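Below, each structure is written out as structure tokens.
You will see chain A twice below: alongside chain B first, and alongside chain C after that.
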Partner chain A sequence: MNKMYSNKLSILLLMLPAMILFILFVPVPTASLLYGSLCNWDILSSMEFIGLKNYIFLFTEDMFFWTAFKNNIFWMIGSLTLQILPAFLIALILSRPIKGQKLFRNVAFLPVALSGTAVSLIWYFVYHGEIGILNQVLRLFGLTDFNKAWLMDAEIALFCVLIAVAWQWTGYYMVMMLSGILQIPEEVMESAKMDGANSFHMVKDIIIPYLQPVFKVTIMLATISSFKGFDLVYVMTKGGPNHATDLLALQMYEKSFSSGMYGYGSAMGAVIMGLCIIASGIINFAFRKSVED
Partner chain B sequence: MKKNLLFILAVLLIGGMMLAGCGKKDEVAKTTDENQGGQNEENEKEKVEINVWYTANESDPNDRDHAWMSENIELFQKENENITIKTTIIGGAGGADYRTKLSAEIAANNAPDVFMTWGWGRMAPFAEAGKLYDLTDFIQNDPEISKVINEDNLGGVTFDGKYYGIPDAVDLHGLFYNKQLFEENNLELPTSVDELIELCDIFSQKGITPISFGNSVTWAVAIPYSTLLADITDEGFSDELWSGNPPSFTERPYIESMEALNRLVEANVFTENFNGIEVAESVAAFKEGKAAMLLQGTWQCSGLDAALGDNVGFFSFPSLSGNQVIQKAIPKAYAISAETEYPEESLAFLKFMFSPERQKAFSEKGAFVATKDVGIDADALSSVSKDIMDIMSLEGERYTYLFNVAFPDNLTTETQKVIQGCTMGADIEESFEKLQTFKEQSN
Partner chain C sequence: MLLGMDKSGKKPSKKVREGGRMLAFVKYFVLIVMVVVIIFPLFFVFMSSVKSDDEIFLNPFGWPENPLFDNYKIVMVDMQMWRYMLNSFYYGFASVAVILLCAVTAGYAIARMRWKLSGAALGLLMTGMLIPMHAVILPLYLSVRRIGVKSPWIVLVLIFAAFGLPKSVFIMVNFLKGIPKSIEEAAVIDGAGLFKIITTIIIPLLAPAISVCAIFDFLTVWNDLLISLIFINDRNQRTLQLGIMMFKGDYTTNYDSLMTAVCCAVIPTIILYIFFQKKIVSGLTSGAVKG
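Then we have the complex of A and B:
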């Protein structure tokens, strides 16, 4: 067996199926996307090469690109605030030997198992102007003045969708952080306690430094997901009212499939990919020292 | 050595199976057919399978399209035993999902043989790309079809002087009303916006929603807007709109029509938060007697008949001037793919669908067929259907369509969003200026 693993041909053959699938599903479509972004293409006729015109129009003249970009930045900040921070706090609580720890962990993770469409529909009816639970609860507490069609309010609609996203994904990040906390060596925690460290110092000086690799992964995942955000917004608001909840991925979808501008949609896809790569690079750079430590 | 060889063979086998699994289904099917060809060659040649696509809500017993098409398919296969029809039904409010999937299949040269589509701007890209079968000869020269096709209704399926589809029904947009609620309050049907606002106020004071309206689909708000716009413009303006290259959106008629619509919104004539209400919810509210009127299209007839019977009527949405503006809906039409392998069989199916017998059956399901001389029994129509037929047969009245019916898809969507936004407080002049910029950029 050892001979086989040291045999380069064996290694190559073992990797070959996965490599073929990877090439077919990642570099080839990416190259196709990048070429498509340089063309004018309505999918019904042949591609017409137009160079960088799609990108020039996108960055200088598209009325809704910067609205969608701004919304994606808001989405990213919202994701980090409403998902990563609560996930860390819940993981801290669940890392203690409390009764029902496993039950609470499973309950916190349950929304992750639901499909995006199911979550969207649940929260669509929570926010519904007539029959929504939120308005009914407000009425119960005499706050009828605060009743509104939440997803139709341009000021607040995007925040409402972010709450739904946070509800679904906080458990996912919590599980990762909890796993990281539970792997901290017991003797390190014990010796810190013996040195007089209180809970605050334990978190600040022991847990947070130990969780740096986990923070890096979770922040990267949340950031990249925020640039690719689509399903909940598509089902709950379709980018409305009047582009107030428009996101880059939603714009890409509309330009491609609704408007038949596949070349332009490809350019938007390439921009989203570029933003994800830049964000990954920044996060890697920010965490480089702490991971090395 | 032996173990290594076995291992390498196993890896190649697994890799091969994975790649084979990625192959197309029809390639696998063709291989299967070829293998069996030797034994049943004669039968294979005779037997034909055609693909038929349409959009409908299968779970709604009052969906007239599904009721009619499923009957058509069943009966046609009984009469033509060598033809099998493989049906694809895609639901979703407004048909947006259906249009997306259909466009993708047509673009991938995998179009269904016969499919439902919409006329005007939604059919134009397919016709211009040569993806639709030219039905001109069929419509004009087929002995049976030429007798029943009403060429007045072929405007939306005509491109470069050729016909590319056959419309199935003529529908109107307007207001259904609860006759009992009107009678109880001694109210007559309003003809002008001012009369409508007065009438709606009376209903509101009694806790009845004046007009049940669901605009979460975004497009429906163009119904009242289009009537208001047609009323204050002339036929020349409408012709420009329907040419697909509309007059500048900064022109006053657009702004004044939007201001008139906002008057109605501010007078609370529509359901509260109507932009967040689904069509199905608005229809349900009307059926339950919670609303005096329903803003919708006449395809809702069969469901409203079933729920309210003779208690429901229909009238055109009022205009500013009080003159009637009859608004036609964008027609659905059936087309054949230009790349169909079975044009004869596809044409035979279309001929069956538009035969007098099947058209009568469609009419009995609540449709206002786009054909003529098919023997519809006017006395058998429901009360609301008679109201609608009376309106359709009026001469000398102003007819219009949705003002954005001939626009390209992206411009249609944007106009709907702008009008929706304006009903929620966006600045009207600024919004229509941006719309004009959007139109110029899209060109």
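Then we have the complex of A and C:
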């Protein structure tokens, strides 16, 4: 038994496919991204090492980068409030026996299984100026004045896209929170009730403290996926109107693949990666006391 | 279990009972609003998919006067949607196969075998969860072009597999740690080799973990847009998502075709979801924990 478990050749053969695949497609390109971001490099010229110039330009002169950055921060805050809060509320409602509990849960989760592209096109149709469902519903209630081409209005376009994101993902976080609440030991709930805790106190003193690990995971996922946001804006608005819905990933895509600015695109990729790592560091730090694992 | 449920056996006063009824009303109100908000756009898209463009404009809320199921034939056959679907199936299945092969073997080596670097190997793989695919897509694209292997049939599958791998290995390792070694010990005494143990004992035992990984990874590939957008040029190699997106660009005015195309992407997913709700929900959420 032990001999079989420490056979070097078997270990090598078992690990090799995974390691080759992973190293070739994850660490190697990451290293070359970091190196490329330090180079002046585009579709016409070859690589020339220029140090931190790409980053300096990015942070000090590139207006579009800052627009996208601001939009991304708005996107992140919006994702957290529009997804995590409703998810928690619905999870609370569904956590106690209620008729149709399973059905409501499964309906809430349905959009998660759909593709970002399909969701974008569905909401493109909702917001459409002429045939959009939203306008038609407003018209039905006589609110014709509010009719507009929602995604063409720079002031609200980003918010409109965020609603579509929330539509898709709230159910995801809700299911995670719901299973977290259902795992709280019955005795804990019972004894709190014996002590005369009302619903509000149950939520505040028992459910919220118990759910810290789930909050950590959901907040982490929502934050990181907000920095990766691409599909919905790409399909719905392509970053427009006038960069109002531009996001970092979209800028990175345009700089890299439409303009062929490889060095600069790499720097943007590195910034996105850095933001994801920093954000998960901050979230880990913020939850260090309440979540021990 | 929570929120105002009374198990203490005391008869609730009238006031409490009214409060409870009020609360129940609010709860159902929230839930029903949620259901309407989720179902209504889907239902509407489906209704519009069997209307003509004119009818979408003139009769948005009405039942379609004579449903044009022809729209589906046009989109599926004439506009080649069937091919995009088939392609997406291929990308999904091939990626899942590669991921499972690598994740089961590596997971077994890390969880069971005795070697010094097993912890380091797991740690290295886990760094993959921190690195967003979006960030390294450019160097991948450039090196793939330099090497000259352009066929998305291979490249796409390998990329999806590499980025799906860390999570799957993690799930496999955790799952294997929960399986007692005694079954394998008995098999060794019977003279079974490592290969036989993995194929006849471990893989069946891993079935729940395998199905979780398969669902998660398949849906990731099936729903991807960015990777296919970058690596696929040939019309005939397009994925379903790329296919439906093109309807917005190329046929902006044909809303009926656009809606039909969206339905072609959405309806199969919904049908699968109805049949495999439990598996899909647990597949997508358990894969994410620690993600």
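Some observations on this one:
The working rule: the second predicted complex is superposed on the first by the 266 of 293 C-alpha atoms of A that agree within 3 Å, B and C clash if a C-alpha of one lies under 4 Å from a C-alpha of the other, contacts with A are read in each partner's own complex, and residues count from 1 in each chain.
We adopt the following convention: contacts are C-beta pairs under 8 Å (C-beta built on N, C-alpha and C of every residue); 3 or more make two chains touch, one makes a residue touch a chain.
Keep in mind that what you see is a predicted model, and the values were worked out from it rather than measured.
In the superposition on chain A, A:Ala154 makes contact with chain B only, not with chain C. In the superposition on chain A, A:Pro97 makes contact with chain C only, while chain B stays out of contact range.
Of the two partner chains placed by superposition, chain B and chain C are both touched by A:Phe257. Applying the stated contact rule after C-alpha superposition, one finds that A:Val26 touches chain C and leaves chain B untouched.
In the superposition on chain A, A:His201 contacts neither chain B nor chain C. Applying the stated contact rule after C-alpha superposition, one finds that A:Ser10 touches each of chain B and chain C. In the superposition on chain A, A:Glu130 contacts both chain B and chain C.
Of the two partner chains placed around the shared chain by superposition, chain C is the only one that A:Pro111 touches, whereas chain B remains out of contact. In the overlay built on the shared chain, the residue A:Gly240 is in contact with chain B alone; chain C does not reach it. Touched residues of chain A, counted separately for chain B and chain C, are more numerous for C. In the superposition on chain A, the residues of chain A contacted by chain B and by chain C overlap at 4, 7, 10, 13-14, 17, 21, 24, 130, 257. Residue ranges on chain A touching chain C, taken from their complex, read 1-2, 4-8, 10-11, 13-15, 17-19, 21-22, 24-30, 32-33, 36, 89-90, 92-98, 100, 104-118, 121-126, 130-131, 133, 136, 140, 167, 171-172, 175-176, 179, 181-182, 186, 189-190, 193-194, 198-199, 202-203, 207, 217, 220-221, 224, 227-228, 230-231, 234-235, 249, 252-253, 256-257, 262, 265-266, 269-270, 272-273, 276-277, 280.
Residue ranges on chain A touching chain B, taken from their complex, read 4, 7, 10, 13-14, 16-17, 20-21, 24, 42-45, 57, 61-63, 128-130, 148-149, 151-152, 154, 238, 240-243, 254-255, 257-261. Within the complex formed with chain A, the chain B residues making contact are 3-4, 7-8, 11-12, 14-15, 18-19, 22, 96, 100, 103-104, 106-107, 125-126, 128-129, 131, 218, 272-273, 275-277, 281, 408-410, 413, 417-418, 420-421, 424, 426, 434, 437-438, 441. Of all residues in chain C, only 1-5, 7-8, 27, 30-31, 34-35, 37-42, 44-45, 48, 56-57, 60-61, 98, 101-103, 105-106, 108-110, 112-115, 121, 124-125, 127-128, 130-143, 158-159, 161-163, 165-166, 169, 184-185, 188, 193-194, 219, 222-226, 229-230, 240-241, 244-245, 247-248, 255, 258-259, 261-262, 265-266, 269-270, 272-273, 277, 280-281, 284-285, 288-291 touch chain A in the complex they form.
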